[in-house]
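Going by the order they are written in, the chains are A, B, C and D; count residues from 1 in each one.
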Amino acid sequence: MEPIYVPFREANSFYRNLYDLFAEWSFWGVSPIPDWLAYFLAGFLIVFAVVNTVVIVTTIGTWVERRLIGRFQSRLGPNRWGPWGLLTPVADAVKLLSKEDTRPEGVDRWVFNLAPLVFIVSPLLVFAVIPFGKNTYIANLNIGILFIIAVTTVPTIAMFMAGWASGNRYSLFGAMRGVAQLVSYEVPMVLSIVGVLLLAGSLSLVDIVEAQRIPFILLQPLGFFIFLLAISAEMNRSPFDIVEADSELVAGFHTEYSGMKWGTFQLAEFIAPFGAASIITTLFLKGWDGPLLPSHLWFFLKVCFVWFVLLWIRATLPRLRVDQIMGLAWKFLFPLGILNLFITAAEVLVWETPTTVQLWAMVGINWVIAIVCLVAVSHLMSDKLSTRAPLAPFPVRVRRDLREVR
Amino acid sequence: MPIRTEPVTINLGPQHPSTHGVFRMRITFDGEIILDVEPIFGYLHRGSEKLAEERTYTQVITLTDRLDYVSSMSNNLAYVLAVEKLAGINPPERAMYMRVMVAELQRIVSHLVATGFFLNDLGALATPLMYCFREREKILEMFEMLCGARITLSYMRVGGIFQDTPPEFWPVLSDFLDYMPGYIDEYERLITGNEILLSRTKGTGILSAETAINSSISGPVLRASGVNWDLRKADPYDVYDRMEFDVPLGTVGDNYDRYLMRIAEMRQSLRIIEQCADQIEDGPIKANVPALVRPPIGDAYGHVEAPKGELGFYMVSDGSIAPYRFKIRSPSLLNLSALRDMLVGCKLADMIVTFGSIDINMGEVDR
Amino acid sequence: MTTVLAGDVIARRIEDSIPGAVEESTSRDVWVKPETILEVCRFLKGDSALSFDYLVSISAVDYIEYFEMVYHLLSMPNNHSLVLKAKCWGREDLTVPSITSLWQGADFQEREVYDLMGISFSGHYNMKRIMLWEGFPGHPQRKDYLESPR
Amino acid sequence: MYGLGIAKGLTVTLVNLFRKPATVQYPEEALPQSPRFRGEEFVWYEQRCTGCASCAKFCPLGIIKIETHPGGTNVQEGQSFAIDVFDIDIGRCMFCGLCVEACPYDALFMGSGFERGTYRREDLVIPVEELRQAEKRPSTWFRPQLEAKKYSPQTGQPLSWEEVGR
């Protein structure tokens, strides 16, 4: 009987090569590594490499993020440790690891300790199905996008675990907000993804990248807009960061955590934008595909660009209120998502295999619809925000030169 | 079947990121809706009023620096005005112009801090705060030129100011007046039109004019409710009667009005500073006042329009070198009187924003 | 400029409305009996010509033999002000009627006077210490308070 | 239109990304200091001091400790006292400068430093020996005669007691 893991083995050439290396390694004619162990070792090595790459890129990312936000705020940012402060993440990690791991009295011990682990698993799992470059991926799941939707909901559970187990009311507030927000934004996010799926005709991310003759951001502007907002809300990034709104809830669901448990939460939150940027790149920006440069570099550059845009938004915008966030999801993004899905479905129905001309016609139609929709929605929303006249004019007067010393 | 819920009580503070100091509010929530608020303070009580009874009139100036530590100049001005009223001293003209000028500079500082922290409370990741502090720094540098300190200034003396301006002050002020309107425009571009700010602040934390007057609210918070009351116009002190400026007024009294009020007042302050710099003439900077002031027996109440509201000092003299009674009418404390009216019924997030828009300073609340 | 109303004139008006309330008056201030403060304030606030709608501050001064309550009142529409004073003789069990029913702004100030001077206000809904903690010995703003009595 | 305000705000932050940062790296570079800066190390000229203790009386916190004995000499004012102890406890000092303002003989000046962090409060007392020996770079605060000379404690030479003038 063929073992169950064989289909997975066949899926990925890189993995198959590693597996073959282990399985066919012989020692005086004897192959000491059995089939299942070879399977395990190959898998472990790849996962180890990918997870560590992600974590290391994220730690460097935290440094870049802090430096950039510093510059956005007309400061310098951390620049003390190492050249240009590059070792700041290392110093942070050392500090966090050597801190006392306090646990307040009256917490639910198991749930409290488990929550950070659960929280960090999900952003890492996202990278299991992302194609990092041409033929470079851990698994080409035929339900890849469904897998991503599934794992991105896991933090909700972790958040609620942390908030509930802490026995702190700020934490509980944060957890409740988090659950409400994530459940709400799941709907428009999925609706916007379905448009992409209709165009690509597959759930596999590898196929979606290959199906993009032109980037789907052009074909799905409305979908991209909805997805960008929804994924920002899913990650609790500004302006949707009500879960850990520092000015309101101190730190939200991880108020009571310290030491490396807190560090784990932070790490997961810094990985999340990279995961989100990877998903956006794959779904809307043609993934790893690009001219001249190697595919991996293209992927990395696109991810960095999307990540920068998320950062820029974070550095600028204030935070919305909880009911406004819910209203945005259900009153505006949800109908827009339905509309987008409907239009895309109609287009796919009319042009089943579109020619290049038809594709560009589709781009035109979708952009016109997107702009009309957004303008209409903006007028709907700005009804209650009629702008007032400025309070008092500031007349410009001719001033005597003060430089004459008095 | 209705869900059985029960209200949650939270002690917001004393150590909370957005209580602007050590301030505590005992809040009862129904979900996210506020049912009841009880402010609790006194964590920063230093007994300034009692301490002043043991100090000479000049030494008390250092105490007033520490009331509202982001607007020391206004505190100094209110204090010296009260003592001058008590002792019947008239300061020379140049000193009066200098006092008005630095008090208006201080108003800009205080409003910059208020705006910055207000936007920080809205969750803008300290970006507007950093921009506001960047310009605040310029004013503090000017203060350092004038009196050698940046925060605790002790600049004014009974009967004038302590020392004339250094020559390098005027070019710096001139430059400041040139670029500051541009920076205020930049804050407005950054945030005033921002739809998130509009939706967060419009129609939240409304304070009606009647409640405001009844609760002894003063300053920008009162004027945001549409009450035209500015001591600089109503009871002009020093040389404010020679200045030409407008008093910006709000219409609704919500958080947005209070925010806009401060931006508009900064522009008006720049106008006043310009006029002061225009009109100021050479002359003595201090009236002939002995080192130990001995006002005649009696009492006096002196007040100014400080950045946060009406700051008044009620002083009783028994003819000695120290005040017999020194009472501070602090705007921050009284602006909290209507806190409950503004907060009950709104959400937790609105509460933080409303609290930020009142702009209190714990050094002045607890004294 | 804010007009400071002459105390004698106001004293006469108060006396017309509430006989026996005024103790003495000068050209600046009016002294009323402490137990009539609420009625006097109600008259001053409600009278259409005076209409003192704004309470500026409440202070208490310790003159050893008596405490003096000082109310600074202001009328925003007419832009005039008045200093109302009341002498409370004695040092123990001092009670003055609270004016929180007229002005909400009196709330914190009366609590502060109670906390630091030890004059309590009848009719105040929340008469407890404001700056110091409950159980603090004595009232530190009094002139005879030297250190906390043990 | 909804969204324009957000876009405007985004341009402002983007412009600031390419601006020179407003902050400086403190220990390596410091902001320019005004000559009037009220700094922590006091400048004291024993030759000018008569031991009248005006500074101690004017200090709001009473942190200046002066002990004298009769029989000192003073070049300007004739009869004066010799100083045994002149300690300034800057651990409680708030740098209001009233002591300098009070000095009738221009013997006491503010300094210009601000970097006297220690681990113990006792180390924050400036003893008389240190005041005697320290390099004298007086701040121009409340001393217009120094300002008229365009003296700056940060860049100028140390001044002797004859040079600081009345």
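Criterion: a residue touches a chain if its C-beta (ideal position, glycine included) is under 8 Å from a C-beta of that chain, and two chains touch if they have at least 3 such contacts.
If you're wondering where the values come from, they're calculated on a predicted model, not measured in any experiment.
Q: Farthest chain from chain D, going by mean C-alpha coordinates, please.
A: A
Q: Can you identify the chain nearest the overall CA centroid, using each chain's own CA centroid?
A: Looking at where each chain's C-alpha mean falls, the closest to the middle is B.
Q: Just the number, please: Cα centre separation of chain C and chain D in whole Å.
A: Using C-alpha averages as centres, the distance is 45 Å.
Q: For chain A and chain C, let me know how many angstrom lie between their CA-based centres, rounded off.
A: Going by mean C-alpha positions, chain A sits 62 Å from chain C.
Q: As a quick test, compute the distance in whole Å between the mean CA positions of chain B and chain C.
A: That gives a centre separation of 26 Å.
Q: If I count partner chains per residue in chain D, which residues reach a count of at least 2?
A: Those would be 2-3, 6, 9, 12-13, 16, 22.
Q: List, in ascending order, every residue of chain C touching at least 2 other chains.
A: Answer for chain C, listing residues that touch two or more other chains: there are none.
Q: Multi-chain contacts in chain A: which residues touch at least two other chains?
A: Within chain A, residues 72-75, 315-317, 381-382, 385 contact more than one other chain.
Q: Could you draw the chains as nodes, link the ones that touch, and say if you get a line, ring, star, complete or other?
A: other
Q: Mind listing each pair of touching chains for me?
A: Taking the chains two at a time, the touching pairs are A-B, A-D, B-C, B-D.
Q: Can you list the residues on chain B that touch chain D in the complex?
A: 55-56, 58-59, 61-63, 65, 127, 130-131, 134, 137, 141, 144-149, 152, 154, 162-164, 166, 186, 189-198, 291
Q: Would you pull the chain D residues touching chain B in the complex into a rising list?
A: 2-6, 8-9, 11-13, 16, 22, 31, 33-38, 58, 60, 94-98, 101-102, 110, 139, 141-142, 144, 147
Q: Where on chain B does chain A make contact in their complex?
A: 8, 10, 16-18, 32, 119-127, 130-131, 134, 167, 170-171, 173-174, 177, 181, 190-191, 193-200, 202-203, 246-251, 260-261, 264, 267-268, 270-271, 274, 277-278, 280-282, 347-350, 352
Q: Which residues of chain D touch chain A once you look at their complex with the stated criterion?
A: Per the stated touch rule, the residues are 1-3, 6, 9-10, 12-14, 16-17, 19, 21-23, 25.
Q: How about chain A: which of its residues touch chain B in the complex?
A: It is residues 69, 72-75, 169-170, 173, 238-239, 241-242, 245-250, 314-324, 381-382, 384-385, 387-388, 390-395, 397, 399-406 of chain A that touch chain B.
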